[in-house]
Every structure is written in structure tokens, then in C-alpha cells.
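Before anything else, here is the set of structures, which you'll find just below.
Two complexes are shown next, each including chain A; its partner changes from chain B in the first to chain C in the second.
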Partner chain A sequence: MPNIRLPRWLRGQAGRETLAALALLAPYLIIFIVWQIYPIFYGLWLSLTNLDLLSPGETQFVGLDNYARIFSDEFVGISLLNTLYFTAGSVLVGTVLALVLALAMNTTSVGGRWLKWVCFVPYIVTTSASAIIWQRIYAGRYGILNQVLNGVGLPNIAWLENTHTAMPAVIVVAIWNELGYRALILLAGIQNISMEVQESAMLDGAGRWARLRYITLPLLRPILFFVLTMAIIGSFQVFSLVLVMTSQWGDVYGGNPLYRTLTIVMYVYAQAFKLLDMGYGAALSWMLFAIIMIVTLIQMKAVGGQE
Partner chain B sequence: MDRKRLSRRDFLRIGALTAAGVALGGCAQPTPETEVVEVEVTRIVEGTPVVEIEEVEVPVEVTREVPAAPEETVIEFWNGIGPPEGVLMQDLMNRFEDSQTEVKIEQWTTEWEAFYTKIRTTYAEGVGPDLAVTHPRYQARYGGTVFQPIDDLVDADPEIDSSMFSGSAWEACFYEGKQYALPIDIHMFALYCNVGLFEAAGLDLPKTENELVEAAKALTEAPDQWGLFTRYSGGGLFWEWLGYLAHRGQKGVLSEDGTKAAFNNDAGIGALQRMYDNIYTDKTGWGPVEGLDSYQAFMSQTCAMRNGGTWEKFAWDTIQDLRYTSIMFMPEEPGTWGSSHLFVFPQMGTDEATQGAWDAAKFILKNFSVEWGVRGGHVPALLEAAEDPEYTGLKEMQGFRDSVPYIVYLPRVPQHEEVSEAIIGNLNAAMGGEKGIEEALNDAASKVNDILGA
Partner chain C sequence: MRHRFYRQAGRWVIARKLAELIRNLILVALGILILFPIYWMVNLSFQTVDQIFSLTPVWVPLTPVLTWYERVFTIANFQRPLLNSLIVSISSTVCVLVLNMMAAYPLARLRFPFRRVLFLFIISTMMVPQQVQMIPRYLMTLRLHWMNTYHGLFVPYLGWPFGVFLLAQFLQSIPRELEDAAKIDGANYLQILLRVIVPLTKGPLVALGILEFLGNWNTFLWALIVISSDEMRTVAIEVFFLKGKTVGSAELGMVLVGAVLCTLPVLIIYLVFQRHIVGSLGNLRLKG
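Right, the complex of A and B next:
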């Protein structure tokens, strides 16, 4: 039997534990590498080619042509601006509302427990179902919202067909979907804050608002950073909600009305899977990855670094 | 009592040994079957032959039963026609399957968006159906790749001939001289009219655009009743505009050779202006603010006229007291958007599968075209079926039958989706008040010309 000498870090008790950990992680790691890491780098390769799914044998290396095309494509600008609009609305407004809700839920009363249940229900409704429900709510003359408006003497609003109200209407649905989930995470953070700190502040005469501003929010910063980061990443990738709510028959890019709700992922999807320009779709995806990475790094510096 | 606890190391050992055992068992070579037999062996012992009986292990001749070759060919049929006609097509395929034993059909029925996404993305992996339903405009992009030419199949089959089919439907199966499909039907827009509302107002059905406009005004009592539903967004806006365009003598949006835009002219501007005026000037149709569901409006008899498709008949027939009919758009200078459903043979499988798909398609066309027209609402492409009394007895669909010679297909160029998007986006902008009509059509034409390389 050959004498195999293991590397130092795999020897001894610590080494055996490391081997055991690797063995247990191996199944997930294999799946992760095959189904996530490999496609990411294959996508990078695709972005440097002109792959058309209908003629894959004629694929040629085109270098950075797909990336250069991004700068002259008006729909990239349109979809990115729409995505930023959606992100700003759903993340900022949604997180503030989630914080308010978390503070309201921070009680042992029956009302607090009931609030947790009610607010979490939208999170477990699938995105497509949410979109269809809200389409009915926003519908024209016979939609629920317009019926309420008519009932108080106000005129109808074409929520999803008016260029000024379409994206805000979608943002409301996104906030409604995520509110409970974010609030629960923030609630967990709030409940982790030591009661002694709060009590000391109360003894020193700090009011509710002062305690919130000088104790709760600073100590909640890591959790807030997590919630904001995850929300931003998710918002940049918004797709199915907008697609179901605003698409019409015959669309190629979607984003009705008049591309006001066209997001970057919808545009990537149209390029790659409708127009079959896989290379350009892959380049757009990598552009999106770079943008999300930059935004996250800026966030880490501005928010996370102040710890 | 002290229980022996399973340590992590022991657990890993047991797991590894179990996995190794399973792997070895799977890799083990099968041992040949043998049996022990007694044989006589003669030996010479001290010069004398001695016969002894010995036991010898010998291979056994094993006769295994070879499974019989399958008797039926399995073909895959993909269908993007949604309900209700999609369900009817499923039923017709089932009935073909029941009528014979050689071909079995595995069906996948979905809606068009999912159908086209799947058929073009799976093509790259050599996966696809043996038979599918599609539209004429997709042949320009997918002809020769996803859709294979069928000229050989047609030439080899004396039972299929161009004279059996409507001319426009048969021509829709060709692209650049090659045939890619067999036509199932023709479907188009025509003007549905609520007969009851017309009679109550003492009006005749319109034959000219002026009569249409006047009838729409007379039948409008907003917001309770609307004279004419006019589309203001989406792909349907493009289809409807094609009808108004054709009514002004412009058949289609591209030049004759299909190389450049040909709609930013008086006909194009006039057509779009007429549609805009229907909603915002004459107010005979509702706009985005009212946001009515157009199907519900016609079914609830709050809308007197609408440009609609053959397939909408099913919705109207569910309302017992809805008396409706259809007329050409407009008889004075007819023209309307139209399309066809076509059988295509992607030929992803074996020759037997392709033959099975061909047999299925031919069976459906020859035996069920009348039923497709009567229950599906579309005009059968097979002439014999289109003239069958059972189908022509549907008087309310006369407008569609009359429209067959005048249909205008969507652009049949490889970049048809990009071209459509450029046009639809600008039509939406004009109807939404974001751009002037002439500006919108000029912008659309400029984009289309860029796409086509004109």
C-alpha cells in the first residue's frame, strides 16, 4: 500500500475534521459548481461571441463587440433607469415601512402576534399570483381601486396604462410582497438589542424618539445593511412581477405602457430568448452583475464601514 | 445502561462502505451460467483402459426471450393554440390516435409565448417535436432550421395538392420558394356587430368607413354604451391598424420586395388618425382611463361593434341573448389583418416519426377541417371544408369568409419580431399621446429601415 502523506492541514485531529466537513459539503459543492459557477463563467464566454441559437455551429468570437453595443442601445438606458426607479421606490420606501412595522410588532401582545401573521402572508403568495390579483385591483372601470375612488367621487385612473402611474403601481405590489419578510428580519434585530441599554437610556431621561434615534437605529445597522443589500440585489433582478402585470399580447420587449415598466432583466430576456441573441443577452447580464457589485460595494463603504 | 453512540468517523466509514458496495455490485460482471454434469472418462491405468465417471462443470445454453419490436411509432406534437380551439385540437389528435394503431401521439399544449420560446431554445440541443402548429411569419426566421422543408413529402403524396387549399393559405406555407407547412385554417379580423343594438337604433350595418363612423356615433351613449371598440395599445393595435391601412389601399407595411418600410405615408397617417379620432375626438370608443375589458363590453352588450378575430365567436356564443353578426372591414375597400395556423414538421426524430406526423396532419385536415371551422371558429384552409354546408351554415361568420381574399399578413421577414416591436412601440406612443402621429410613423419607419438594412 503506497504511503500517502497528507498535507499538513489535513493531518491530525483538525485535519480529520476538515476532511469530514469536505465530505459532507461535497454533494452541495458539486451541484453548486456545476449548476451555478460553471454557467456564470460560460455566460462570460458567451458574451464574447455572437451565438445565435438557430445556428450554434456558426458562433464566432467577437471580443468586446457586445459590450460596445450596450453603449449605443437606447433600450439599455431606458431599462436601467426604470430599474433604478423601481429599486429606489421599493427598497427605500419598503424598508422604511418595514422598520415602522417591525417597531409596531415589537410587543408581546396578541395584536403584535396577529400583525406578524397578517404581514407575512403576502410573502408566501407567489409573485405571479400577486401580479394577477393586483391587476384586478388596478383594473379600469370595474377594478376594486377605481370602484373605491368612484365611491368617494373621484374619477377612474388607468393605473397600469398611464405612463405616470404604471411603475408606482408595480412598486406598491413589490413592497406589499416583501414588507412582512423585511419587517420580521428587522424585528429579530430589534429584539436582539439588549434591554439594559434601553433601560439605562430611559433612566437617563431619553424619550422614545431619542432611544430610537440614538440606540435602536445604530445598533440595528448590521441588520439594516443586510436587509438593504438583499433588497437592492432582488430589486435589480425584478422580472416576473413586471412581466405578468404589464405585458400585452404581441410584445417583444414588454414594459407597457410605452416601455415605462421595462426593466433590465426583461430586456435581457427579450434579447436572449425572443430574439435569440445569446451573446448580447449574456453581455447585458454581466453588465447587470457589475452594476449590482458596484452598488453593493458602495453600500458596504457607506453603511457597513461605519461600524 | 450505556448505549454505544455512533461516532462521526464510524458514520462516514459505514456510508463509504455502503456506497462502495453499491458501486461494486453495479460494476460486477455477471457470471456465466454453468451446471455440473457426469461424463465418462477413459484412462489407461497400467496399460489397461479404465472407464471412470467424473463430474465436470460446463456452460449452460440459455435461451432468452427477445422482446418483440414495438408496433407503434410515438410522435411528439407541440401546440400553442390556447383554449378553446387548443383543446379542440387536442381532441382531434386523440381521435386520430384512436383511429389507428401505428402512431401514438404525445401532446404538449400551451400558449404561444411559451411555445415559441421552447421550440426555438430546444432546437439548439436537437430536441423538438415531430409535428407542431405555427404561424406564417415565423417561417422567415425559422425556415431551414427549426422548421424543415416538406417539398419532398408533398411531392411524394398524391393525396395532397395545392388545388385542395385556399390560395392565400397555401402560399402562406412557402418562404423563398420552399414549402414548410400544410395550412390548417385562415383567421382574421372582421367587424362584429351587435344586431340587437343596430335594430333598436334603426341603423343598417355599415359598408363604408363613413357609415362606420356615423353608426358608431349614433350608437354611443358614454359611459353606458359605446359604438365602436378601437384598440389603443399592444399587438392588437398593430393588427387593427393594418385593416384601416388596407382600407386606404396600402396592403402591408413593407415594400413589395420586403426591404424597407412603406407605411409612413398618407395611408398610414390617415389610418392611425382615424383610430385616434375614434377614441379621443368622436369618443365612440373608450380609452385607457375607462379601461374597460373589451370582451366583457361586447358580451354585456355595452359595445355595438368591434374589430375581432374568428376565435372570439366562442365568447359571444356563451351569451344566450347576444345577437351578433360579422361583416367585412370595410366592403367599399376591403382589407384586414389575417394569419393562418399551419402544421409544420420539425423532423427532429426518425423517418418513421416524420411519416407518422405527416399521416396525423393529413388525417386531421381531410377528416376534421369542417369541425375545426364549426367548433374552432376559423375558416378552414381546405376548400372542400370551407364550402361545406355545415360550415357555411354559420351565418354569423359570413364576414370572415368574405374577408379571405383580402387578408394582409404580418411582415414575413427574418427580423419580423424586431420590425413588429418598432412599429407597435410607435403606434402605442401615438395613441398614448406621447408622439404626434406623423412623428411616430416616421420614427417607426426609420427603425424598421435600420433593422432591415435599407
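Right, the complex of A and C next:
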């Protein structure tokens, strides 16, 4: 070792530090490059081919054909609309409700402590398990929801089979799942707003409602922005919830009542892993990436903005 | 003194106490409402077919029935998916903790060229949705003959930068003096990491470990892609398959038990570690 002339950046104390850093970083970096970075490029390349797992030997480079196909594929439009509908419902309604919940939980009372403990539970329950129980809740004559509605004189509704109520029913479950998580983050934000600011507002005679509008909400903007961004990105990727709740065996694409609950990721999955058209699937996944980026940027302009 | 108390906000004490009570009751009721689906899941799992499919709901099973629990293990072999999920989740958690700790320390504390750039680059890849890498990962897994294996289930996700991000954020708040003192004592970087840094990072490490365990336990899409054999299924996708297999038949109870068993470990972990999980809330992300 002493006879080798090390390059400048590996010499001396700083050099030893660099070497140690690289040695510690190496295992993670290798896995990172192989499984995080490489697949991104591989996927891009794939989207430019017509790789079909049924006939892998005949893969050819087809350029932008897959992307052109996206524009003429009606299921792309359908799944996009469904996913947008889902995202709008789940994120907008869900975040407003989470804010309400966070404000309600901003108390040290027994009720508040109970709620803080409880609200997070739906988030950690396995999504497929919650899809199963919610499906039973929404079921026709034997589902508890309809039975309760009957009890107060309202008619049965086939929540998951009716084309108008299927997606809203799924959205409700998604909101239920995420409510506690979002509320706890918002609560942390609310509690961080310095007491002094609140108190000086109170001294100035600001009532509860005014304080909310002019102090709490504006100061919550960064946290709200964070919650909304994460929620949007996550909602666009919804898969297991919808699949387990609405799919019937024998479905190719899924999205049970007349494709009303077919989401983008479900369609990507169907193309790539059921129809085994990997090239097209890869192109669809890049389309999803692009859409998420665009929506996130729009969201940044709308909510992010000033300090 | 009493005078001011009674006149505060212009209301009587009794009215305020009453309002507080009502507030508490509302919050408690909200909590019960939120927990209801989970209660319902457990409830139905102890009912007979006739009770599950009765026209009037059975709110509390007065004579709980264990048939479904029996059948889920004897007929559906549910112990296998449970074991699979356990093995995969634990292995993944251990690997993630080790790898991320080893990576976060240099990125947060050591000096080397391009450190900043590397860190930002790694973190920025979190913006890429998993679906982009999912298909290539599948092909890679296929070629490596890692399909239907435990490592195939979790190794591809070991590179997810969230843990590095979380730990690095925390490490930046440790005072330099501790490291300097250890260096003066002649420790090399590995020793500093193990003897000084890691003991200080226990909190975030526990939180990360739990999140990783839960994330793996709940992973659905990747498991669906990688596993095609009956014995290697994880619990999250097994409930889905159980549902498909029992559609229209009288074995529905098994699916509900499956859902309960799938949820039980998660709930236990939450009960035990609740403070840790909720503590790192700002950086949460679970796979789904």
C-alpha cells in the first residue's frame, strides 16, 4: 500500500475519510444503482420496443409506436379519467376532512387522546384486508350498510355494482384509509404554530373562526402542500384497494362495473402482466410518470407559491 | 377570583363543562366509527354462514364460532402465507436498517467529493413512481431466477431512499464533538459508526424498522407480480386469492379470517410501538 501513489483526492486525512465513506456507501449504492437507477433506463428502452413475453425472441425496436398507441387506446382515456376522479375525491375531500379531524384532535382531552390513537389504525391495516371487509360492508342485501339504511327506511343500493356509486364507494374507503395519517401530520403542523402568535391574535380580539382563517391556515400552507403532494402522487398509483374490492375472476382489465373503477396502474398491470405486452406496459408507466409530474407541478403553482 | 372564573367568555361554568363533555363524546364516537370496519371484520369472522348472510345484522356474536379459524388453517393452509410474510418482512427490515445506516452516515457526516450531489440525486429518485421500474424489475427478477423466492420479494426494494433520507436528516443534528472525541481516541470510521453513531440513532432506527416491516407486510403489487406459486404467497395477496377461490361459495368466512389474521400482527406492532411510529410521521411512506 505505501508504495502506490494514490490520486490526490484519496491522499491524507481527507483521503482516508473519502475511502471510509465509499466503503460504507458501497453496499447500498450498488443495490441502489442496480435496482433503482438501472430499471428506469431499462424501462425507457423497453417502452421503445415491442417486447412481448409470449414471443421474446422477436423483440424489435419500434421507436415511439407504443406512445402513439397510447393516444388511440380508449382504455387509456377511461383509466385516466377514473384515476383523476379517484384522486380528486380522495385528495380533496380526504384532506379537508383530515384538516377538520386535526383541528378536532388539537386537544388534550380524553376524546382527543383516544382519537389520536385510533385514527392511524386504518392506515396500517393491510389494504387488501380492508378492501375485503369494506366489500362486505357495501354488499347488497347482506351488507351492513344497506341493512342500516333499510332500518331507517332507505332503499338498498348495490354500491359496488352500480356504475354511479362504485367509484365513490371506493373513494370513501381510500379516504378512511388515509384520514388518520394526514390528520396526524396536519396536527403536528398546527401544534407547531407558535402559541405566541395565537395568543396575540386572541388579545387582538380575534375569534376562533378568524384565528383559523387568518393565522392557522396560512401558516399551515407548507404542511398542507406536503400532504397534498404526497396524497396526489399516492392516489395516482392506487392499485390493490380497487383491484381487491372490485375485480371479478375472469376480468382481463378489471374495474368492475363497466370499467368504471379501472385505474391507470390496473391497466398498466393488465397490459404488462396479463397480456404480457411489456413494451406497451413500459410506455404506459412512463405516461403515468409524466402525468404525475405535471399534476404535481400544477399543484405546486396552485398551493405552494409564496412563503 | 371566582367572579372572573364565572364570567370568563361570558358563559356559566356548567354550560362549559357540558360543552366539553359533549365534545369528548363526539370525539369518542368518531373514533368508534373509524374503528368500526375493523370491529366488523373481527365480528364476522366469528359468525356462522347463516349469521353472516342474515338479513338482520348480528352486532355481537353471542355464540362465537371458531369453524372459520379452524378451516383457514386446515383447508386453506393459511399458516404458509403467514410464515412467508414474516420471513420476508423481517429479512427486509434487517437489511434495510443495516444498509441505510451504513449509507446515511457518510452522506450526512463524512466529507468526500460530490457528497451533496450524490445525496440530492439519491433522494430525488423518490419522485419516480414505482410503476416505472416495476416492469424492468420483473424482467430482471425473471432472468436471475428469483421468481417465487423470498429474496425476489424484497431485494429489489432495498434501494428505496426513504430510509437514507430519514436517517441522514436525524444524523445531521448530532454534535460534531462526539465524533471528534472518538477520532482523538484513535477510532476509525467504522468504529465511530458502530460505537458512537448507532447507539444515538436508536429512535429513528426503530421507527424505520417498523415502517419497513409494515411496508413489506402490506406490499401487494410486487408480490402479485413475483409470486405465482401457491406456497410462496404472502399474506397480503393470499387474502385476495382466497376471496377469488371462495366467491359464491359458503366458505366466505375463511376470507374474513384471513383478513383478520393479516391485520393482527400489524395491530399488535402498532399497539406496542405506537409512539415511535407516530413520531416520525412527517416522512412516512408505506408501499401498497
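Some notes on this structure:
As a convention for this text, the second predicted complex is superposed on the first by the 281 of 307 C-alpha atoms of A that agree within 3 Å, B and C clash if a C-alpha of one lies under 4 Å from a C-alpha of the other, contacts with A are read in each partner's own complex, and residues count from 1 in each chain.
FYI, contacts are C-beta pairs under 8 Å (C-beta built on N, C-alpha and C of every residue); 3 or more make two chains touch, one makes a residue touch a chain.
Quick caveat, the model's predicted, so the values are computed rather than measured.
Of the two partner chains placed by superposition, A:152 touches none, neither chain B nor chain C.
Between chain B and chain C, C contacts the larger number of chain A residues.
When the two complexes are overlaid on their common chain A, residue A:55 makes contact with chain B while staying clear of chain C.
Within the superposed three-chain model, A:4 lies out of touch with both chain B and chain C [touch as defined at top].
When both complexes are overlaid on chain A, the residue A:281 reaches chain C alone and has no touch with chain B.
In the superposition on chain A, A:162 contacts chain B only, with no contact to chain C. In the superposition on chain A, contact is made by A:46 with chain C only, not with chain B. In the superposition on chain A, no contact is made by A:195 with either chain B or chain C.
When the shared chain is aligned, chain B comes close enough to touch A:251, but chain C does not.
In the superposition on chain A, contact is made by A:259 with chain B only, not with chain C.
Overlap of the chain B and chain C interfaces on chain A comprises residues 16, 20, 141-142, 248-249, 273.
Those residues of chain A lying in contact with chain C across their complex are 9, 14, 16-18, 20-22, 24-25, 27-29, 31-40, 42-43, 46, 101, 104-105, 107, 109-112, 114-130, 132-134, 136-137, 141-142, 144, 147-148, 176, 179-181, 184-185, 188, 226, 230, 233-234, 236-237, 239-241, 243-244, 248-249, 265, 268-269, 272-273, 278, 281-282, 285-286, 288-289, 292-293. For chain B in complex with chain A, the residues that touch the partner chain are 8-9, 12, 116-117, 120-121, 123-124, 141-142, 145-146, 223, 233-236, 238-239, 287-293, 417-418, 420-421, 424-425, 428-429, 432, 434. By the touch criterion stated above, chain A contacts chain B in their complex at residues 16, 20, 23, 53-56, 139-143, 146, 155-158, 161-163, 248-253, 256-259, 273-276.
The residues of chain C lying in touch with chain A in their complex are 20, 23-28, 30-31, 34-35, 37-38, 40-41, 44, 52-57, 99-100, 102-103, 105-107, 110-113, 115, 122, 125, 127-140, 155-161, 164, 188-190, 193, 214, 217-218, 220-221, 224-225, 235-237, 239-240, 243-244, 247, 255-256, 258-260, 262-263, 266-267, 270, 274, 277-278, 281-282, 284-286, 288.
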